[in-house]
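Right, one structure below, let's go through it.
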Amino acid sequence: MPELHLKKKIGVLGASGYTGAELLRLLLAHPLADIVLLTAERRAGQEMRNVFPQFSPYSLPRLAGLADVDWSAAGLDLAFCALPHATTQKVIRQLLTAAPDTRVVDLSADFRLSDPAAYARWYGHEHHAPALQKEAAYGLTELNRDAIKQARLIANPGCYTTCAQLPLIPLLRAKAIDPDEIVIDAKSGMTGAGRAAKEEMLFSEVSEGIHAYGVGHHRHMAELDQEFSKAAGRAVVVSFTPHLIPMNRGILSTIYVRGRGDISAQRLHTMLAETYANEPFVHVLPFQEMPQTRHVRGSNLTFIGVAKDRVPGRAIIGAALDNLTKGASGQAVQNMNLLLGFPETLGLEQIALFP
Amino acid sequence: MPELHLKKKIGVLGASGYTGAELLRLLLAHPLADIVLLTAERRAGQEMRNVFPQFSPYSLPRLAGLADVDWSAAGLDLAFCALPHATTQKVIRQLLTAAPDTRVVDLSADFRLSDPAAYARWYGHEHHAPALQKEAAYGLTELNRDAIKQARLIANPGCYTTCAQLPLIPLLRAKAIDPDEIVIDAKSGMTGAGRAAKEEMLFSEVSEGIHAYGVGHHRHMAELDQEFSKAAGRAVVVSFTPHLIPMNRGILSTIYVRGRGDISAQRLHTMLAETYANEPFVHVLPFQEMPQTRHVRGSNLTFIGVAKDRVPGRAIIGAALDNLTKGASGQAVQNMNLLLGFPETLGLEQIALFP
Amino acid sequence: MPELHLKKKIGVLGASGYTGAELLRLLLAHPLADIVLLTAERRAGQEMRNVFPQFSPYSLPRLAGLADVDWSAAGLDLAFCALPHATTQKVIRQLLTAAPDTRVVDLSADFRLSDPAAYARWYGHEHHAPALQKEAAYGLTELNRDAIKQARLIANPGCYTTCAQLPLIPLLRAKAIDPDEIVIDAKSGMTGAGRAAKEEMLFSEVSEGIHAYGVGHHRHMAELDQEFSKAAGRAVVVSFTPHLIPMNRGILSTIYVRGRGDISAQRLHTMLAETYANEPFVHVLPFQEMPQTRHVRGSNLTFIGVAKDRVPGRAIIGAALDNLTKGASGQAVQNMNLLLGFPETLGLEQIALFP
Amino acid sequence: MPELHLKKKIGVLGASGYTGAELLRLLLAHPLADIVLLTAERRAGQEMRNVFPQFSPYSLPRLAGLADVDWSAAGLDLAFCALPHATTQKVIRQLLTAAPDTRVVDLSADFRLSDPAAYARWYGHEHHAPALQKEAAYGLTELNRDAIKQARLIANPGCYTTCAQLPLIPLLRAKAIDPDEIVIDAKSGMTGAGRAAKEEMLFSEVSEGIHAYGVGHHRHMAELDQEFSKAAGRAVVVSFTPHLIPMNRGILSTIYVRGRGDISAQRLHTMLAETYANEPFVHVLPFQEMPQTRHVRGSNLTFIGVAKDRVPGRAIIGAALDNLTKGASGQAVQNMNLLLGFPETLGLEQIALFP
């Protein structure tokens, strides 16, 4: 009997942040992933258990510094890149130059904008790897599956944008909603802000309260503009306001839309239900039911709900996902499965942890 | 030297719920309030310390049942009514019949709708005290101060509606925003749901997550419709979606509006800043700053912020208050101060408890 | 090639509580469990998705009422029993009478006390199934594995007691600590209190605070007395105080002990490390390191730490587990694996969900 | 009619931390405090509203740097010193040299140890102001009131130590408990860890979990040793283990003691109830009732409970306070009131904020 799948050699660059830890949580339970390389600049030389004690019982490679890695010798089948903004472009260029057969799933925002001009406008400088920027496939799996399968470099989408695009892109593509009347009120758990020690992220600063931030100028908007405009076939600028919620995981997007012509909320629901009927990781709730982030916590699922607004002609769409799983590392593993020819759901069968 | 103020005799009907406890927190520290009557049906005969242990060190009347109260003999100067929906109308009618000189601040929704037909439509039955319904003054202090001073019965506004009306009514009155394009995305702490033991309010059900509820059909909408229509001078129906947040206190309203004509976000900010310049309990932040609920926790303040949206012509307004204080019991005490001729801020000087 | 394992038919009695949901979370991902029966008295006739929306995407049997189950026809290989105290004994007796080959893992306290007199003393009435009480094996897997494998009925241990027994029983058996000087200060997340709607379990009652409860008279003490006395070979009564913590999952036991003779804290650490060296679900941290509940959340692991106290001769032992997993449903599945001849870790490989 | 009290000039050194903010919360509502000086090194030149937005509506002095303060010209009646460990001794020496009539309440640990040798042993260096170290009065108000009134410099006690000393010192003084068998299991909210940006204090690191820290070697132990030994009249070393709880405010001490001779738990309760019968800020609950931190949140109160342990001869004592109020800034204001001849409770009448 032929062995259908051999284990593949996987590296995680930037393993000491939250998306790095989430990758390890998923990869350690993945039957075909062999974790052979972990890097973390400030923690180089340490064991993963010193950085995240939940990994104490598991055998994992010691954390390396990027400068000490020989990409060619490493022979990685796939590298996850969870590095900070400034570093990413340079490291991936070096990696792919030295080891052109390695596949890369990049969890940063660095390769998400395909237009060099848009990149320069939003980030204030030219892209450091413009050729790769062109090559990268946008990793919103359900809506870009074919391109992902062919690609060498995947720009894994942001958590906010995944949670807004999964419900909205099918409706924009179908010209079912007015692109000029979209309001996205997004709420995120604290892990979305990362693990860097900042005063405003201390427990006592963020527990027992809620606030909006980045009003009018959040960088995720560039990614939304690009993908929504592509879907609508013309320029789309949406209103998007993120909020921080005193919880660890989860994003909820409450989206206010107006149907075009006489397209009702119920019709919008049907369109989304049909689009995702066979998708293992997108679940559309019955009409008028709204999703809760807690019901997808730790899973790779997105729950979507559609309800009628009391204002005639308008609908309210809710979408909930776990920002570290479907919003980052889970979708990254989903993309890995596509890139390496594994079943798409492999290692991602975790049921949500509720309560 | 004449004694300017004598202590007044105050009763709290329904002292075992959260708004009841919040009334006591404020009244115990109020220099001119003499708490002479407390009622609580299911806890009648018990001490307040059995219901809320934080009151253990204080001397308070034993909890009575409503049936045992002789309103005339009680001689209350003012009664706060924090009773459930069904009971309120009957009790207040009896109270005011037996003791017509007592002032009443009602914290329920029962007297907020002035139109009997609207009441019947939203609540499914005729009002039980239609004469009082007509007599009641709507208790949004800053925007209805004169009427409140003259009234015998105050319909204290809801927490969600206070948090939406304070920023929106001045703009609607000035015809500065389009009344057909208002989206209110509201987020509330859990005390807004009350103290009744319900599965969906258990800690493990609501911590570590967020969800919308009552989408499209929340009863607070009746109150919003009435007041917004009055302010705009024509029928206004807004989109309003409440969410539950894993925190105890606080409401944040994120409000999406479009300026009329060429009225900019900055102009809207100026209008609100001018409206509330001399108000002790409404504070407008500098343009482009957004409020956080934690910075008003336990205080009677509302913080309002206005920012430019990236969608041309639109603005984002944030309003934050403590749902138990300015959203309920604090505003009730503010109204009490007006009714009894006290300085409006008396007993309400608490600074927010942060962190 | 012979098929080594066939799927087994599994039932969950009492699926609408937290331990029921946790069983489903684990069993849905278990490769050899076929969930064929779910019961829930108050929710009979409903779908599991109405009770716990996280199961919406999965196909599961509709919830039945116990009275409608024909145990013989059901042909269960194993039933998990997560029923309330009063009901359990009667239901298990009926089940095992009608279907004597079914194995039962009972998650209630009903069969944990093997002495009928102790049971009557703690619960105030005679046991309703005294023969089964005698037959039941105590399900603390690591310390009673052989008896469990032979048994038909397993009394799955309590969450508090598992978290106290795993560190203490090896030390008591070895006579390494003074049985008269044991103080267990235990801290539990809110799911340990179950899903019944009680005022004192509401979010607003338990968030942002901590308190001890059941001081001096918690029922878990009977189970501790029994097992500790068995281990020490003489009567042991420990001081045990549980506290409620504003978090969903997790128990931390901080245990204060005195070594016998000249047995040091370091020696106690070595004894525990050796005892659990080959156990997949008990992990002893390096000497002087203390466990955190968050690092075992959602996993079946127990982390144990031992440190020197500054009081000469004394040591501090910390033990952390997830009360719903190793403290209830995870250990129940671990016992199922033993009973049905599966590998003990099957379906229990989940890494902790942190952050 | 003579004016009994004139407003006094108050300074807060180190106003940008949590104890600084808590001092301002209390002082702004204090009728006789005139806040004339605020310092904060890293935020010098900014307004308090930039550091803590809850103070936006209030008029306060701009934050100064310590180097810019002329102590003599400032003419402070009293300075609160909430500076970090290294700085405190030097600043207070300079202040008292330049302005010898200013009273100082120091919230750091720098003057709490009266023995220079003990200080050097615990902190690893000689004290920088040994004369002042001798002069300082220990500020546990209820138990050292007379010395405080006479002093110029108060060493305000730590939060953990206040919460352990209030219940234990009266019992040690009366020789009612065995000093060699005291176990203090302490649980603190996150504000106790301060506002410095550290990874281990991030929301996502500390929410949804609990852990012990500083096991066996916490610096608060020096202060406990000193005061307990003084009370007992001989050397006392207690077992003390602090834990971090996912909440903002509150400390709960669960204390395990053994009565001497035949002194019962009930007798210990009576002794504490009598000791504190007339104290406005220490409240002893009825026998067998245990305190909850949430019931003292934001107030200056300590709640104490005593219960019988099931182990013969032993008792369990619980004490709860708000670490920022009675555990730090509230007690500091209480001491200020004594030093300036104000009524001891002035400005400290806030009722706990629950829920």
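For reference, chains read A, B, C and D in written order, and residue numbers begin at 1 within each chain.
Following the convention adopted for this analysis, a residue touches a chain if its C-beta (ideal position, glycine included) is under 8 Å from a C-beta of that chain, and two chains touch if they have at least 3 such contacts.
Bear in mind that the values here come from a model prediction, so they are computed numbers and not experimental data.
The greater number of contacting C-beta pairs, out of the two interfaces B-C and C-D, is seen for C-D. The greatest centre-to-centre gap from subunit C, using C-alpha centroids, is found for B. Separation between the centroids of subunit B and subunit C, computed from CA atoms only, is 46 Å.
Rounded to whole angstrom, the centroid-to-centroid distance between subunit B and subunit D, based on C-alpha atoms, equals 36 Å. Chain centres here are Cα means. That of subunit C falls 40 Å from that of subunit D. Counting only residues that touch two or more partner chains, subunit D has 18, 189, 191, 204-205, 207-208, 246-249, 292, 294-295, 297, 354-355.
By the touch rule above, subunit D contacts subunit C in their complex via residues 180, 183, 185, 187, 189, 204-205, 207-213, 215-217, 221, 237-241, 243, 245-250, 252, 254, 256, 288, 290-295, 297, 307-311, 314, 316, 318, 320, 354-355.
The touching residues of subunit A, when paired with subunit C in their complex, are 18, 21, 24-25, 28-29, 52-58, 191, 207-208, 248-249, 280, 283, 285, 292, 294-299, 301, 303, 324, 349-355. In the complex of the two chains, the subunit D residues touching subunit A come out as 18, 189-191, 195-199, 201-208, 246-248.
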